[in-house]
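Next up: some structures, all given as structure tokens.
Here subunit A shows up in two complexes: once beside subunit B, once beside subunit C.
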Partner chain A sequence: MSKLYTFLKYFFITFWTVFVVAPFLWAVSTSFKDFQSVNSKVTYIPWLDFEPTLEGWRVLVKSPAKGGVDIVEPYFNSIFVTCTASLISIVLGTLAAYALSRFTFKAGFVRNNDITFFFISQRIMPPIVLSIPFFIFLSTIGLLDSLLGLVVVYIVLLMPIAVWIMVDFFNRVPKELDETALIDGCNPYQAFYKVVLPNSIPGLIVAGMFCIIFGWIDFFFAFILTFTEVQLLPVKVVALNSSITPWWSLSASALVSVAPLIIVAFIVERYLSKGNLSGALK
Partner chain B sequence: MEEQMAKIDLSNISHTYNPLDPKPTYALNPFSMTWENGKRYAILGPSGCGKTTMLNIVSGLVRPSKGEILFDETPVTDLKTEDRNIAQVFQFPVIYNTMTVYDNLAFPLRCREFTKEKIEERVKAVSDTLNLSSFLNSPARKLTADQKQLISLGRGLVREDVAAVLMDEPLTVIDPDLKFRLRRNLKEINEQYKTTLVYVTHDQNEAMTFAENIIVMDQGEIVQVGLPKDLFEKPKTTFVGYFIGSPAMNIFHSTVSSDHEVKINDTTIRTNSNLGNLKDKNVKLGIRSEFIELAEKEKSNTVKIKLTRVEDFGNFKLLTGKMGDLVIKSKVEREKPIPDGELNLYFPPEKCCVYSDEKLV
Partner chain C sequence: MNFKHKFVFLFPGLFVLIGILIFPIIFTIRLSLSGWNSYTPEMNFIGITNYIRLFTDDPRFWESFFRLSFLSVTTVILQYVIGFALAMMVWREIKFKRFFRVIFLVPMMTTPVIMTVIWRTFFHESLGPVNDLLGGLGVKPILWLSDPIIAKFTVIIVEVWQWTPFMFLLLLAGLLSLPKEPFLAAAIDGASPFRKFVYVTFPLMAPISIGAIIIRLIEASKIMDTVFVLTSGGPGTATETSSFYIYIKGLREFQMGYAATLSFTYLVIMIISLTIIAKVLTKLMIKE
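Let's look at the complex of A and B:
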């Protein structure tokens, strides 16, 4: 019985690992191939039996005039928009979440939970519903096809995530912690940033991670709200495709696109494994 | 804001958590009370009786619906918590996870801008008292639950000039041995620094051994304030009789038969209470099991019971017997021989308490 269990355990772990890692390995291998290597039959070992070339990678940094697709600028645009929007969302979202967790609001039939749900409902709506209002809104204030406009829209998209995670987190931080800080002589603001906030770092990290992921992978709004002036990475990657699918450069761009998320995951994982996240509330 | 320890007056305080309701339910019914400077008080009562609300009102975490709080005759009702100079310790350890033990203990002093030397001196003193000296540099979150509670306690005691230290069942999570020592430490601190200590508990032994004055509460009402001895011997209501002492006070339905006598079933019991204006009324007779004596034969003020159970507690025996359908418990010395079957119990008149409408006559 236990032998079967061990076998199944390792079997599924192996299966899952292959399932997750194989596409990456495939992409790594493909990114160093050229048209010939991708389309011809393999003689000896699949994936490894080819003459490596950097063509797929070079295309990403060459200017369009030289037959490349320059993703460097969109890459930094994406980093800027994602980081700025995430940061602002975390700051505003954390403040909102703290208020929602600690104070009781009443306006007609509206209570704290309703306000929290209102935030989350922004994410429940299909994005297409928001596209026209956002388009009109940005064109009215003249921010269409600009980084700032994208930041504004992304804040709207990311803040609900921050609020949602942080409300839940603050609700699990005992309110005696704030009260103790008050008794110890802090005013409410000091109690928040000297005591509650340092205790909430694990929550902030998780919220930040989600904001970064959702900001980074968004294609829909980046596609609709920009044209020529500004482009974000996902849009540019899609634009790589043409009548002959350039598997090599698509693979290379996929790898550079997920790289920041992998880095983020490693940082967050370090925090999670330190036990900070679980032990913070007891 | 440098208040010294103060006399605390609670004047006509009452509190409800749903003030907008047409029929608000009161967590605390109107009461007035004075906490003298430098005394030890225990607030005793079952869960949900308003003990914590009372503390939170004093520390300013809750603003009372009605009434006024005065520290040394100065009204502080509108003063915020951080300006009140009160220390409060909660039931469960509240520590600043991101700081070391030293920083935790120093935090209240830093917030109030004490000098570095003073902070060092006080943290050292408090950590010595609480056996925390060897942990000062470790992160507070690494400690065990009872050590964390010691930190909470330490933060309460680190300021010498507080108006009062309020403790909300602070020793629940601490093991019995340390509990005993800490209670003694708290007593010493109180005697040494003359800090007013207010201690909320639902454990009567804790209250009895710790406090000079005990405040018994029930359902938002202060039922009795007094010395441990008074609460034990002359409980003002049947609730106090039930709540304090182990086993609870024996309480019997009875009828007043003359100026000083009541009848339980058909037995007449003489008491020292004046029952002149309660003739023929239904009252309750209360007597502690400690005061009931074994009588060798039937005489005045004895009741005949059928013994149903004898429990040996080591230092005493607890007899449980029945008189009709009434259950009577009596504590007797362990050495005393217990006759089988029926026996007579003597109720000393001076120890009998008569309750009309649950209140002591």
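Let's look at the complex of A and C:
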């Protein structure tokens, strides 16, 4: 019984690992191919199956005029939009979460839980529902196809995540902490800033990572609300897909685009193993 | 604590969110009562004509909605089962535990559309590795993207790859936060691993499971990116989800008024059905 279980366990883990890694291996292999080795027959291992070339990687940094793809600018656009929107969402979300965790609000039938639910429920909103009015709204105020317009939209996507994680986290930070600070003569803002915040760094990091993930991987809003002036990374890569398929540069640019966040997987695992996440994600 | 300080903390976030959202929502409702399209791009008032059209004369929307329900429920169930299994396996000591944990988390960190671009080449019917390797085993080429039924499963495979890690993360974080005593008690009673799971682990995990399933259902109900790149809703309308249909009506055919009707109805249905699902799940999984 237990031998069979161990066997099944390792079999399943191996199977899933292969499944997770397979598309990456395929992309790495494809990024070193040329027309011949993509289109003649399916090839896998460089040198053995085909002669690797660096062409797919070289076009990434060439300017479009010379037949390149130039993903450098979209890359920085993506980083800018993701980081700005995450930062704003974290600041506003953390303040709101602190209020919802520490004070009682009453307005008619609305209680703390209802306000928290209002924040979190914004994730239910399908992007398509917002995209049409945003499209018209941003074009009216002239922010269509601009970084600022995207930042505004992304705040709606990210603030719910920040509130969701931080409310739970603050609920676990003992109230005595703020009370002691208040007795020691801090005003509520100092108590928050000097005492509660430094004790909430794990929660802030988790919330920050989630905001960055969900900002970085969004495609739909960037696709609808930007055209030529501003392009974000996912839109750029998908645009490559629709032209005649140069699989090698497509794979190379896809790999470059997903690489930075893979580091986040290591950070999340670290927090998980240290037990900090279990508190922050429930 | 002083009365007014609490508003200073709450209001910036609340009002920014309301400020950004209030216009789009009111605008959508107003737009849904208009006949705005590419011929008459103006905010006229045609009453509930659009809603009548939706409820009497648009089977394509309802089909896309049932397709979406099928896709999201199937993927979330698969993600839950697989995610729970994976979390159980790397919960306790196992060789290379941290390595596997990282590997299991990675897909979640990658951009869905960009990975879908890779998946498209992966499932390519003549030049992709899947059919080639299966061909080596003597299997006939499978029409991953151009058969109406198989294409749905291709979408499911990609969605499961992409989002099982999220389920895994939430469930593993839950497992790691469980108290030790019930497990000790079970060990003293000499419970088998199977009974331990059924009577201790699973009930303790029920609230976390419900949370995770609902969060994933909310996200899965927005399936769009994957479909957009993988199949563009095709072949025909075989993988078209509600979001994608609204996108076609609104931003390709520019029937803005009608698209707003669809959007608003879709949003209402989403809120109602997710609330019901949350209630039912809570009843089913927490018995005592």
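One rule holds for everything that comes next: the second predicted complex is superposed on the first by the 253 of 282 C-alpha atoms of A that agree within 3 Å, B and C clash if a C-alpha of one lies under 4 Å from a C-alpha of the other, contacts with A are read in each partner's own complex, and residues count from 1 in each chain.
Here is the rule we use: contacts are C-beta pairs under 8 Å (C-beta built on N, C-alpha and C of every residue); 3 or more make two chains touch, one makes a residue touch a chain.
Predicted model only: the values in this text are computed from it and were never measured.
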Open item on the list: On the A-aligned overlay, A:105 touches which partner chain: subunit B = first, subunit C = second, or both, or neither?
Closed with: second
Task: subunit B versus subunit C as contact partner of A:174, first or second or both or neither - done: first
TODO: State whether A:13 touches subunit B only (first), subunit C only (second), both chains, or neither.
DONE: second
- [ ] With both structures superposed, pick whichever of subunit B and subunit C touches the larger number of subunit A residues.
- [x] C
- [ ] Name the contact category of A:182: first (subunit B only), second (subunit C only), both, or neither.
- [x] both
Task: Which superposed partner A:190 touches (first subunit B, second subunit C, both, neither) - done: first
Task: Touched partner set for A:257, first subunit B, second subunit C, both or neither - done: second
TODO: Identify the partner contact of A:201: answer first if only subunit B is touched, second if only subunit C is, both if each is, neither if none is.
DONE: first
TODO: Using the superposition on chain A described above, determine whether A:132 touches subunit B (first), subunit C (second), both, or neither.
DONE: second
Open item on the list: Taking the stated contact definition, name every residue in subunit A that is touched by subunit B in one complex and by subunit C in the other, in rising order.
Closed with: 182, 279-280
- [ ] Spell out the residues on subunit A that touch subunit B in their complex, using ranges where they run on.
- [x] 174, 176-177, 179-180, 182-187, 190, 195, 198-199, 201, 279-280
Open item on the list: For the complex, give me every residue of subunit A touching subunit C.
Closed with: 2, 5, 9, 12-13, 16-17, 19-23, 26-27, 30, 38-39, 41-42, 44, 92-93, 95-96, 98-100, 102-103, 105, 115, 119, 121-137, 152-153, 155-156, 159, 163, 182, 188-189, 192, 213, 216-217, 219-220, 224, 233-234, 237-238, 240-241, 245, 247, 250-251, 254, 257-258, 261-262, 264-266, 268-269, 272-273, 275, 277-282
Task: Complex interface listing, subunit C residues touching subunit A - done: 1-2, 5-10, 12-14, 16-17, 20-21, 23-25, 27-28, 31, 82, 85-86, 89-90, 94, 98, 100-115, 117-122, 127-129, 132, 161, 169-170, 172-174, 176-177, 193, 208, 211, 215, 218-219, 221-222, 224-225, 228-229, 242-243, 246-247, 250-251, 256, 259-260, 263-264, 266-267, 270-271, 274
- [ ] Note which residues of subunit B are touching subunit A in the complex, please.
- [x] 59-61, 80-82, 86-88, 90, 92, 94, 96-99, 107-108, 111-112, 141, 152, 155
